[in-house]
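Consider the two complexes below, in which chain A is the common component and chain B and chain C are the respective partners.
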Partner chain A sequence: MNNLVLTIALPLLGAFLLPVVMRLSQALGLWLGPIILGYGCWLLGNLWFNDITLPLSIALGGFDAPYGINLYLDSLALLFAFAVQLLGLICWPYVLNQDTARRQALMLLLVAASTGLALSGDLFNLYVFYELAAVATFGLVVASTTSAAYAATFRYLILSGIGSVLTLLGIALIYSQTGTLNLAHLAQLAPELLHDRLGLTAYLLILIGIGVKAELFPVNAWVPEIYATASSRLSGFLAGLLSKLALLIILRLLVLIFDQPEAVQIILILGILGVISGEFAAWRAKDMRRMLGFSSIGQLGIIFIALSLPDERGLLALLALSLHHLVIKTGLFMLADGWGGSLERLTGAAKRSPVGAALFTLFALSLVGVPPLPGFWAKFTLITELAAQSEPLYLIGLLVFLLATVIETSYLFRIVAKLYSSAETTTEQPEYQHLPGLSLATASLFGITLLAATVLIAPIGDGLQAIAAEAKNAELYIQTVIPVTPGGQL
Partner chain B sequence: MIPGVTLELILYVTALGLVIIGLAGVVLSSHLFRMVLALVIAEAGANLMLVLSGYRWDAVAPILMQRAEQPAMVDPVPQAMVLTAIVIGVGIQALAVSILIRIRQRYGNLKRREVAEKMDAEIAASAGIRRDISQDAPLGERPLSPLPAHTAESRGGDA
Partner chain C sequence: MRNLTGLLFAGGLGFMLLAIASGIDFGTPPMRIGEAIQSASPQEVGAANIVTSVVLGYRGIDTLGELAILFAAASAAGLVLGRRHTTTGTQRKGGFVLFHGGALIFPFLLTIGFYIIFHGHLTPGGGFQGGVILAAAFFLPLLARPGARLHHSILSVIEAFAGASFILIGLAALAEGQAFLQPMLNQDTLGSLISAGTLPLLYIAVGLKVGAELASLLSNLAQTESEQ
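The block that comes next holds the complex of A and B.
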């Protein structure tokens, strides 16, 4: 069981060894990263299918929680850790150029940090992994070496720096109040120590700090520029997965520690504002990459609305929407690899790349929520759940969500219409419409996943329900990490 | 000393003040390097807060020694954490400055507004779209179309 640590340690080790190995033997260096990630996939996949008793907690260095740092593995963490390793393998920088070694090393670093984010059960440890992921991201964005990439990365770095200052303040407040940073131990102490105004302040600071990566409403100014300047594969990884990992941390904090109505309301309001701002900006955007970036802000807003729902079915909607967005947005970014520029250039592109156009249409249909595609199912769960709430704020959320769907349909199908338009562009060169083979193959992979999910929707739904029930169970988390002996008080 | 004002309170206020000064500096400064400096100040405040969260005034450094009676020790965990936070902060600041050097090389200066304008222009150009008007320009259409240059001059250039 302890080899779970390898899924974090091996990519981390590989990241620092890779430049040296690359210098010794180029062939070995090129294989090192995919082998490590493939091993991680195999290891986590094995855990999934072998019937082990989840959830479980692994004490690192032999110090038991709450004194040591522990990794916590439940089905949700396992799902995300597996997704990180797999998506790392899919979004791996395969295209070779002069700084391949650096980009591959940074990608391994990003995968290691992301896996840590999915598994760690300690607040400060989460902060360290979070910063590690941020630094790896900065390095990967500037690897595209355009001047705009440097400027965009600087803006991201400053915003992320503000986020980390706020997170640190929140952590300091929590520590001064409780004297612990272990999530399970905090969950035990929270009802008497943190359910007051100070706790709420700490929560708000951490929410805004972590929210920078989750594209939360007031701190998402970095999104359009980064996605417009970074490589499509990296944008896919960031929008698809890293944002969800930040969301996972917020979910854990919400379930375990800050289980208060005010905390939930803040998330709902910020989510609604995110949906409105993101979708309208996406509707106005004139180029593919920025449109996808803004649309991702809107989608994350919808997911935040789902996060604010109080019961298990809300969490089910959250999981379904997250996984759906992961597949769709990463696939769309793969298509943006060739179609990244102005939307005008796409006129008649279906003739040159029928597969690409078909994939775009498929993704658009599912994103809007046309049955029987999985998007319909995810959105339907959210709608029924929102409509069942009695508070008026949830009804506003429902209205905004429906409005967002209309806007989404409008801007996505504007592009679909352009793709299949018969009018030939005469001013633009056709190479703009050419999709690189690798990106097309990757996007097809996501398309096939989507179609497979359509067929297997019933078992996937049952599986997600079980995961949601387990993740919502704060008592189980505490029991797993700190097994209580009767009468024993920590 | 004013009654009620302890050293501890002063330090807490200082820490919070540093964070606020830093955040205000990031938002208000018009030069990119000053933004980095402001971030350094804010981080110092956060780190001070972290140290304070485990500090005790009547205690000694947390080193275990063979003594007859163990005196109270300060909590070592925040000190370990603040070391980590400082190291992370320094790394990120170094990265920020190295990115600034590149921006300076490419764009010629580090004025916030000019860099933002140039970045927008470059993204728009590489995407092949016509740029939106500058963020400083007023929104909407002009009520009257602009006068040609020679008529403007004949009217004393106040158009």
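The block that comes next holds the complex of A and C.
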């Protein structure tokens, strides 16, 4: 069990050594990263299939939970940690140039940080990994060399910096009130120490700060620029996974510490605003990658609405929507690898790349929520849950969600129509790029995953239900991390 | 318009901070974890400097994360700086005082830097602080003689192996059947130079990594600037 920490330590080790190894032997250097990530996948996959009793807590440095830092592994954390390693492998920067060593080292750091975000059970440790992920992302985005990338990265740097300061302020406030940073310990103390105005302020600061990565409404101005300039693989990783990890942190805070109606309400409002702004901007976008970026803001807004739902079914909808978005958005960004730039260039592209067009249509259908594709089940769960709430704000959320689906349908199928249109009105076809083979293959992988999920929807639903029930159980978390009598000598 | 929103945001944030500050009870911090660590750490870890036992023992993985952040920042800066077009410009040498003063102070800076690193578990200071002083020692000659170059390949080897040895010390504990980054070896007498088990080794790794990282970053910056 202890070797779970290898999924964080080995990528860090590889990143430190990579520049030197690459100089000694390029072949070895190129294999180093994928081998480490492959080993991580194998390790976590083993945990998944072996019968171990989840959840469990691993003390790092040999100091027990509230004193040292612990890793907390439940099915949800395991699922995300596995997704990080796997997606890191899929989105690996294979490009060969003078910066390969640095770029791959940064990617390893990003994977290590993301795994840490999924597993860590300590508030400040989460902040450290969050910072590491941010800094590694700056480097990876700026590696795409264009001056637009510099401008985009600079904006991201500023916003992310503000977010970090706010988060740190929030954590400092929590520490000043409680004197501890361990999530489980905080969960024990929260009802008497943090459920007041000050605690709520701390929560808001952390929410806005972490929300920068989760593409939360007021702090998402970096999204379209970064996704338009970064490499598609990186955009896929950021939109697909890193945003969900930020969401995971917010979820843990909500379940464990800030279990109050006000905390949920602000998420619902920001989520609704995010859906409206994101979907309308996507509808107006003239560029494939920008459109995907804005649509990602809208999708995360919907996921935030799901996050604000009070019971287990809401969490189930959240998980289903998150995983669905992970598969779809990463796949779409892979397609954008060749189809980036103006949407006009896509006219009649289906003829030249039938597989790509078919995949795009499949993703679009599932994103909109056409049965029997998995997107339908995810959205259906959310709709029934929203409709079951009595508070009027949830009904507004429902209306906005339905409106968003209509807008989504409109802009996605505008592209599908363009792809399959035969009338080539413009005489000169501007430089049409073929989809690179690797990207197409990767996108196909996501397409196959989607189809497999369609067939296996019943067992997946049951599995997610169990994961949701486990993640919602704050008492279980506390008992796992601090097994002694709660509220004893601490 | 943009200025106005900026002003509003800053004003609102300031107001909020004031409101928060008025609500905090200064001077009486809750010491739930702090007190327990203060009383237990000399026996548990064996470092006379309790801050060190927190930084490398109780929260060792945070320190590893900080090292990784520094490494990521240096790599990202390398990506940006390494790409500038190079045009040879005139480089003026530093004056007599800077030149000889730099040469004179170099061994002292090295001594202080290593002293602070080696005594990190006994006195205030440690790997991060000592590493910065080491970097300054190597950067001073560059200021005095702009033509001089640091050996980037040697620096990157030091950097890589220092960072790797931090993790490997942690993994050694794991291989022994203990937890990752668990302090090992003899604790010896509290307060002597060789005490606190693996903690001094960790701090040496941190110091070398920070020093090499900052030195190569600074020389990167200096070269890019002088070449423009």
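Rule of thumb we're sticking to: the second predicted complex is superposed on the first by the 478 of 490 C-alpha atoms of A that agree within 3 Å, B and C clash if a C-alpha of one lies under 4 Å from a C-alpha of the other, contacts with A are read in each partner's own complex, and residues count from 1 in each chain.
Everything below uses one rule, namely that contacts are C-beta pairs under 8 Å (C-beta built on N, C-alpha and C of every residue); 3 or more make two chains touch, one makes a residue touch a chain.
A quick note: this is a predicted structure, and the numbers were derived from the prediction, not measured.
**Q** Looking at chain A, does chain C or chain B touch more of its residues?
**A** C
**Q** Based on the superposed arrangement, let me know which partner A:Lys286 touches: chain B (first), chain C (second), both, or neither?
**A** first
**Q** For A:Ser342, using the defined touch cut-off, is the partner it touches chain B, chain C, both, or neither? Pick first, second, both or neither.
**A** Touch status of A:Ser342: first partner only.
**Q** Is A:Ala417 touching anything from chain B or chain C once the two structures are fitted on A? First, second, both or neither.
**A** neither
**Q** If you stack the two complexes on chain A, which partner ends up touching A:Gly161: first (chain B), second (chain C), both, or neither?
**A** first
**Q** Give one of first, second, both or neither to describe whether A:Ile448 is in contact with chain B, with chain C, with both, or with none.
**A** neither
**Q** Looking at the overlay, does A:Ala172 come into contact with chain B only (first), chain C only (second), both, or neither?
**A** A:Ala172 contacts chain B only, not chain C.
**Q** Mind working out whether A:Leu28 is in touch with chain B, chain C, both or neither, as first, second, both or neither?
**A** Touch status of A:Leu28: no partner.
**Q** Report for A:Phe124: first if it touches chain B alone, second if chain C alone, otherwise both or neither.
**A** After superposing on A, A:Phe124 lies in contact with both chain B and chain C.
**Q** Return first, second, both or neither, reflecting whether A:Val95 touches chain B, chain C, both chains, or no partner chain.
**A** neither
**Q** Just to be sure I follow: which residues of chain A are touched by chain B in one complex and then by chain C in the other one?
**A** Comparing the two interfaces on chain A, one with chain B and one with chain C, the shared residues are 124, 128, 131, 135, 138-139, 142, 150, 173, 176, 179, 181.
**Q** How about chain C: which of its residues touch chain A in the complex?
**A** 16, 20, 23-24, 29-34, 36-37, 40, 44, 57-62, 64-66, 68-69, 71-73, 75-76, 78-80, 82-83, 153, 156-157, 159-161, 163-164, 167-168, 170-171, 173-174, 178-183
**Q** Please output the residues of chain A touching chain C within their complex, sorted ascending.
**A** 2-3, 5-6, 8-9, 12-13, 15-17, 19-20, 23, 58-63, 66-69, 98-99, 102-103, 105-106, 109, 112-113, 116, 124-125, 128-129, 131-132, 135-136, 138-139, 142-143, 145, 150, 173, 176-182, 185, 189, 197-198, 201, 490
**Q** Within their complex, state which residues of chain A touch chain B.
**A** Answer in residue numbers: 124, 128, 131, 134-135, 138-139, 142, 146-148, 150-154, 157-158, 161-162, 164-165, 168-169, 171-173, 175-176, 179, 181, 225, 228-229, 286-290, 340-342, 344-345, 428, 432.
**Q** What residues on chain B touch chain A, complex-wise?
**A** Answer in residue numbers: 19, 22-23, 26, 32, 35-36, 39, 42-43, 45-47, 49-50, 52-54, 75, 77-78, 81, 84-85, 88-89, 91-92, 95-96, 99-100, 102-103, 106-107, 115-116, 118-119, 122-124, 126-130.
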